[in-house]
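After this come two complexes, each holding subunit A, first together with subunit B and then together with subunit C.
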Partner chain A sequence: MTVFLASIGFGLVTAAVLAIASVGFTLQFGVTDVLNLAYGAIMIAGAFIAYAVNQAGTSVWLGLAVAVAACSAGSVLLNSGVYTPFQRRGTSPITMVIVSLGMTLIIEFSVQAIAGGTGVSYTMGQGRTFHLGGLILTTVQLVIIALSLVIMAGVHTLLRYTRLGKAMRATAANKNLARNCGIRTSRVITITWALTGGLCGLAGVVFAMDSGSFDPTSTDVFLVLILAAVFLGGPGQAYGAMLGAAVIGIATEVSAAFIPADYKYVAAFVVLLLMLGVRPAGLLGARA
Partner chain B sequence: MKFRTLAAVLAAALAVGMSACGSSGSSTGTSTGKSSGPTGSTLTIADVAPFTGPDAALGPTYLATCYGATMAINNAGGVLGHKLACKTVDTRGDPADAVPAVNQLFATTSSLALVIGCTSDEAASVVPIINGHKMAMFCMTGQSEFDHVVFPYFYRLVPPDLEESYAMVAIAQELHYKRIALAFGNDIGSQTFIQPAIGALKKAGITLTTNQTLDLKASTFRTEAEAIIQSHPDAIMTEALGNADPTLFAEVKQLNGGKMIPIVATSAAISPPFFKAAAAAVGASTFASDFRADNLVTETSGPAYQAFSAALLAEQGKVPGATGNFTTYLSAPGGVHLYDGINLAALAMIMSKSTSPSVYAPDMITIGNGVPGATVVHSFAQGAAALKAGKTIRYEGPGGPTSFDSYHDSTGIFQVDTYSASGAVNVVGNLTADQLRALSG
Partner chain C sequence: MFYVINLLIYAGVDAMACLGLSQQFGVAGVTNFGFIIFQAAGGYTAAILALPPKSANGGFQSYIGGWSLPFPVPWIGAAIVGGLIALPFTFLVGRRLRGDFAAVGLLVTAVLLNLLATNYVPLLNGDSGLSLIPQPLQGEYSPQSTGYQWAFVAVALLLAAGVFLFVRRITESPYGRTLRAMRDNDVVADSLGKNLLSLRTGMLVLGGAIAGLSGGVLVSYITTWSPAAWGYAETVVLFAAVIIGGAGNHVGAVLGAVLVPVGFEEVTRFIPTSNNLPPNLIPSLEWVAIGLLIVGFLWFRPQGVLPERKRVIALPPGEGKSAPDATLASVWERPRPPASRPAPAGPGEVVLEAAGLVRDFGGVRAVDDVSLQVRRGTLTGLIGPNGAGKSTVLAMLAGTLPASAGKVIYRGQDVTGVPAFRRARLGLVRTFQLASEFKRLTVMENLLSAVPGNRGDSLRGAIAGKRYWKRDEAAAIARAQVILRRFGLEGVANSYAGDLSGGQRRLVEIMRALMTEPSMLLLDEPMAGVHPNLARRIGNELVALCNEGMTILMVEHELAIMDEFCDPVIVMAEGAVLAEGTMQQLRGRSEVVEAYLVG
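== the complex of A and B ==
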C-alpha cells in the first residue's frame, strides 16, 4: 500500500514532465502539420545546453532559461532550414516523418560527439523531501509539478484568450481557410515553432532534473511516451495531451509497483491500446 | 493527409525507440583470419564493445588498454615488422546492432589480427561470427554458455558470471549483511547474475528482500527505489550500467531520507565513467563510503604492473571517450586482462612467426600456461627479447598467472574494491576460492 501511494506521487512527477513535452509536441504537430520526431533529440540537446551552463558554475535554473531560448531558436531554424524546404517541394507527410527521423539521429549523434556517450548529472540539490499522506516528493519535484501546471494554464490562456492562440487554432483546423481569412499562417507557424521549441527545451531540462543521470540517448524511450500521451489525448489536442500525459505517467509508475518494473512501459501501452480501442480518435480527439 | 502521417507514426516511433541503430566506428580494412598484410603494414586490433548506449563506459575502458598495449608493443619494435593499431567497433551493447557492426568490420578490415571486447551484451551473437572468420578474440564475457562450448578462436581471461555472483554474496557475508535487495539491469549481461546470486544468497542464509529489474532505457526508478527501501535491505546488490544505477542511487538516497543504502556491485562498476556518473548523482564521498565491488585480483606492484601502468598512463588524454579519473583504468578488469590478452597474442605471433590466428593462437596457450623451464616474462618487450634469444617463455602480466583450460578459459580469484572520494580504486580485501565454493550451486 505504501509503495502504491508513493507510486502515485511518482506518477504525478512523470506526468508533469510528460505533459510539458506532450503539449509542445501536439501543438507543433497540430499547427505546423509536421510530425517532428526530432522533438526528443532537441529535448536532450536542451538538457545538455543547461548542463553546459550548469558546469560553468551557474545555477541550473539559468541553464533552463538558456536551454529554452536555444531550443526555441533551434526549432525555428530546423523548420526554416529543413522542414519548410521539403514541404515546399511537395514532400509527402510520410517522407517528412522520415526526414524528422533523420534529424533525430543527426542531432542525437551531434550531442553525443560533443558531450560523450556516458551519463552526466546536474550539480543541484533536490531540496527537502515532503511526505504528503503516502506521497513522497522533493522540493524540485514539486517545482516541476508547479511549473507544469503553470505551463498548462499558460497554454490554455494562449489558446482561448489571445489572438495568437485563435490564429493557431484556426491554422491547425484549416490552413488554407485561415490564410483566406487574413491570418498570416506562415508567421503563425514560425511563432508556433518558437513556442513549442521553447517548451521542448523546458521539457528536456526538467526531464534531466527529474532523472538522476542522463545521456544523449536518454529521451529515446521518452519520445515514445510522448507519442503515447499525444495519441491517447487525440493528436493536435493540447488538452488531450495533458490528459494523456497524466494517464500514461501515472499508469507507468503505478504498474511498476505491481508488476516487474522493467515492464512498466508495457503496462502504459496496454492502457493506451485499450483506450484507443474505445475511442480511436483519442480521449478528446472527437471534439476536434 | 494528416491521417496518413499518423499511420506512419507508430512504426517510426518504434524506430526512434530503438534509435540510432547500427553504428560502427569502423574505418580501416579486413580480415580473412589468415591474413596479416605485407611486412611493415599495420595490424589492427578491433575493440568490439559498446561505445554508446547504457554500457558505453565499456568500450573506452578496453580502448584505453588497447592504446597502452599497442603503444608499448610498437615502442618495443612491433610484431614481425608490423606496427599495431586499435580500431573501435561500436555494438551499442545490443546484439541487433553488434552483428552488422562486426560484419562490417570483417568486410572492411584487411589487416585485422585480433578482436578484444565482445562483452556479455553482444558475445552470444558475435562470437560465432568472429570464430567463423577464424579470428582470435579475447572476450570480456562471463556468460556460462561459453563455459563448455568449444569455439577454437575464443579466449577468456575473466571468470564465469556465476562466480562473480558468488563473489558479491561473499562480500555481503563478510560485511555481515542479513538482508539483500537485488537491482539488476534488463540487459543480457546483467540478468545473467541474478539466478546464481539468488542461489548463493540462500546458501549463505541471507534473506532476499526484493528483486527489481531495471529497464536501462527508463529515465527514473522511483517506484523501484521505494520498493527496495520498503523491503528494508542491509545492502543492494546491483549491476545496471549506463544511467540506471546512478539514477537508482540518487532516488534511493532521496527517498531514504538522504541516506544511501550500501551497494555491492560487480566488477563492471570499476570504471571511471561509472564512478563519475554515480558520484555526480549522490555525491562522491557518499558514494565512496557505501560502495563495494568484486573485482578480479590484479597486481598493484611489481614489474608487470609497472610496465602496464607506464603503458596505460602514457596514453592519458589520448583515448577517445575516456572520461573521469584515468588511473581507475589501472584497476578496471577489462583494462588489465585485455592488456594481457593483447600481449599474449603479440608474443604468440612472434613465437609462431605468423600473424594468422589459426597459426599463432595455439601459442597463446603455450605462452600463457608455460612449459617447464620457461623464462617468466612480465611485459611484451621482455618476452620479445627472450623469444629472440631462443628461449621459451611464460607470460605473467598484471592480471597474474594464466591457466587456460580446454575451453580457453583462464579465471582468476577475486578481490574487494572500494572507491576513494577522488575516484581512485582501493583494494580492501580478497575472496578465497573456498569462500566461493561454499556458495556455489
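== the complex of A and C ==
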C-alpha cells in the first residue's frame, strides 16, 4: 500500500510536468497546424539554459524564468525563420514533420555539442518533505504541482474569457474563416508560438528538476509521453491534453510499482498506438 | 585495404536500405519513421539464426533462438522477418489516419522498441547486444583472409544491385504508377478504385524485407548488433540520404546512400582528434549537420540532387488519321456481354438512389435528410447556392465521406458501407471540385493510372515483369490516346499534370474518370474555370455519353450549362432538396427562384 501511495505521489508530479508540456504542445499544433517534433529538443535546451544560469551561482528559479523567456523567443524565431516560410510555400504536413525532425537534430545536438553528453543536475535544495495522507512529497515537488495547476487555470482563463483565447480557438478551428472574420491570424499564431514556447521552456526546467539528473537526449522518451497525452485527449484539444497528462502521468508511475521501472513507458506507448489506430481524434476530439 | 573493403560493404548495405526507403517514401509516399526497426529486426534475426545455442561461449550472452543455421538461411530469414513484422503496423497506414500522425506513430514505435530491447536482456541480450555472430561459411573459409573479404564485398554489392533492379522493375510498372498516384493524392487514388490499405501494406512489407536483408548482411559482417546501432535517429539519416539523393529516383537513393551515411562516417574519420575538444563534440556536430542538410535541401532543392525523371510515353502518330471519328462513347464502356447492354431509349431505371442522407460536421448539419434518384441515361444536374450541401452529398454518394445517417443504393445494391475504392470498381466514379490531378505524373500517366484491370497493376504483376503486362498497357495507351485527341490535349500528353492551366486540369480529371470505364459519373463542377467554348464541348460529349447509356450526376453553378444540358435538375438549399424538375419547371417555382435563381 505504501508503495502504491508513493507511486501515486510520483504520478502526480509526472502528470503535473506532463500537463504543462502537453498543453503547450497541443495548443501549438492546434493553432499553428505544425506538428512540431522539435518540442522535446526545445524543452531540453530550456533545461540547459536554466542549468547555465544555475551554474553561474544564481538560483535555479531565476534560471527557470530565463529559460521560459529564451524558449519563448526561440520558438517564435523557429516559426518565423523556418516553419512559416515552408508553410507559405504550400509544403505538405508530412514534409513539415520531416523539417521538424531535422530541427530536432539541429537543436538537440547543438545542446549536446555545447554541454557535452554527460548527465548533470541543478544545484538546489529539495526543501522539507511533507507527508500528506500517505503521499510523500518534497517542497520542490509541491511547487511543481502548484505551478502546473496555476498554468492550467491560466490556460483555461485564456481560452474561455479573453479575446486572445477566442481568437486562438477560432484560428484553430478554421484559419481562413477566422481571417475573413477580421482576426489577424498571423499575429495570433506568433503569440501562440511565444506562449507555447514559454510553456515548453517551463516544462523543460520542471522536467529536469523532477528527474534529478538529465542529459541532452533525456526528452527523447519524454516526447513519447507528451504525444501519448496529446493524442489521448485529442490533438489540438487543451482540456484533452490536461486529461491525457493526468491519465498518462499517473498510469506510468503506478504501473512502475508493479512492473520493472524500465518498462513504465510501455503503458503510454500502448495508449498512443491504440488511440492512433482506433480513435485518432482523441477522447475529447470531435467525432470524425 | 581493409578500409576500402569496410567502406564498400557499408555502401552496399546502406544502398539497400536507402532503396527500400526510396520505394516506400519516394515512390509510394509512405512515410515510415520507424524504418530502422525493420533493419534491426533483420539484424537480430540473422544473428539468432546463425548463432549457436546461448550456452555456447560460456553462456555470456542470453538470447532466444541460437539455431546455428548455415549460410544463406540467416539472410533469407532476415528478409522474411523484416517483411513480416511490417504487418502489425498496417493498421496505422490505412485511409483513416493522417499521414503525419501515422509517421509519428511509427517514430514512437521505433523509440519504444529500442527502449525495450535495451532493457529486456533475456530476449536479445539487452543493452550490450549480441556479439560473436558467425560469419557466412566461416567453417569452410577464413573470414580474416583478403579473398574472403573481397568475396563478401562482391556479394554485398551484387545484392544491392539486385535490390536496385527489383525496385526499379516495380516502380516502372503500372503498379508503380499507381503507387506514385497514391503518393501525389491518396483521396483521389481511392476514388479511382485503388485500395490504399493494400498498396501501403505491400510497400511496408516490401520495404521491410529489403531493410531486413540489409540488416542481415550488416550483422554478418560486423558480427555484433546492439540497440545503440539502431536508434530512431538512424532512420533520419536514411531519410536525409533519400531526400538529398532525390526522392522517387532510385539512382538518387544509391547516390544519397554514398553521400550521407557512408560519406559522413568517412569525413569525420579525417578530422584530427584533439584532446582539447569535448569527447562528444564531433558526433554531435555530425548530427547537427544532418539536420541542416535535411532542412536545407527541403528548402533549396526539395527534388534532391537527381530528381525523379519524367516517364515519356511515345504516342503512335499514324493512328490519328485512321480513326479520326472515334467517339468517346466507343472507348469508355467496358466490354460486357451484349445481353446486359442497356437499351439506350429514354430515361431508364433508377441507377443511383439516396434515401434520407444526413451528414453532420461537428455541430453543423450540412446535409439534412436528402433523398434523390438518378435514372439511367440522364445527365442530372444538382444546383444550389454555396453551402447548400451539394458537394457533401456527392462525396457521400461516392463514399469519400461516410454518411451520418441514411442509405445509398447503387444498381439495386446497398453500398452505404462500401468504401470509395470498391464503389469505383463497381463503376460509380467521382471527380473533385478542387484540382485533383496527380501533379508529378504526366497527363498520359494520369489517364493510365485510372485504367482498371491492367495485369501489371498489382505487386505480383509488377514482379512478373514487362512482358506480362505489355499488351494491357498498349491497349490502355491506345484508349487514352483516343480520349486525349477527343479533348484536344494530345499535345500535352507528356507534360506534368501539375504544370497545366486550370481548365486543362479539369479536362484531365474528366478524361481520367472516363478511363475507369464507369457506368455512372459523379462530376463536381467539371466546367468551373473552363473556357465557355470548351465547356460547351464538354457538355456535348457528356450528353453523347448519356445517350449511349451512361448516367451522370453533375454539380454545377452555371445556370446556362444547366439550361442547355441537364435534365432533370435537382435544387438544393440549406442541406435539403428543394425541388426537382426541368429548368423550365423550376423557373416557375417561387421558392426555387428565391433560394437560388435570383440572389
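Here, the second predicted complex is superposed on the first by the 275 of 288 C-alpha atoms of A that agree within 3 Å, B and C clash if a C-alpha of one lies under 4 Å from a C-alpha of the other, contacts with A are read in each partner's own complex, and residues count from 1 in each chain.
Just so it is clear, contacts are C-beta pairs under 8 Å (C-beta built on N, C-alpha and C of every residue); 3 or more make two chains touch, one makes a residue touch a chain.
Keep in mind that this is a model prediction, so the values were computed, not measured.
Overlaying the two complexes via subunit A brings subunit B and subunit C into a clash. After overlaying the two complexes on the shared chain, residue contacts for A:F207 are found with subunit B alone; subunit C is out of touch. When the two complexes are overlaid on their common chain A, residue A:T104 makes contact with subunit B and with subunit C alike.
Of the two partner chains placed by superposition, subunit B and subunit C are both touched by A:Q112. In the superposed model, A:L199 lies in contact with neither subunit B nor subunit C.
When both complexes are overlaid on chain A, the residue A:G40 reaches subunit B alone and has no touch with subunit C.
Set against each other, subunit B and subunit C differ in how many residues of subunit A they touch, and the higher count belongs to B.
After overlaying the two complexes on the shared chain, residue contacts for A:Q126 are found with subunit B alone; subunit C is out of touch. Using the contact criterion defined above for the overlaid structures, shared-chain residue A:E253 touches subunit B, although it does not reach subunit C. Looking at the shared chain after the overlay, A:V221 reaches both subunit B and subunit C. In the superposition on chain A, A:V13 makes contact with subunit B only, not with subunit C.
Overlap of the subunit B and subunit C interfaces on subunit A: residues 35, 37, 93-94, 96-98, 101, 104-105, 108-109, 112, 116-117, 220-221, 224, 227, 231, 235, 260, 262, 265.
Taken in their complex, subunit C has these residues touching subunit A: 29, 31, 33, 91-92, 96-105, 107-109, 111-112, 115-116, 119-120, 232-233, 236, 239-240, 243, 278-281, 284-288, 290-295, 298-299, 302, 362.
The part of subunit A that touches subunit C in the complex is made up of residues 35, 37, 82, 85-86, 91, 93-99, 101-106, 108-110, 112-113, 116-117, 220-221, 224, 227-228, 231, 235, 260, 262-263, 265-266, 269, 272-273, 276-277, 280, 286, 288. Against subunit A, the residues of subunit B that register as touching in their complex are 1-2, 4-6, 8-10, 12-20, 23, 51-53, 56-57, 186, 212-215, 217-224, 226-227, 230, 242-243, 246-251, 254-255, 257-258, 273, 276-277, 280-282, 321, 323. By the touch criterion given at the top, residues 2-3, 6-7, 10, 13-14, 33, 35, 37, 40, 92-94, 96-98, 101, 104-105, 108-109, 112, 116-121, 123, 126, 129, 136, 138, 207, 210-224, 227, 231, 235-236, 253-254, 256-257, 260-262, 264-265 of subunit A touch subunit B in their complex.
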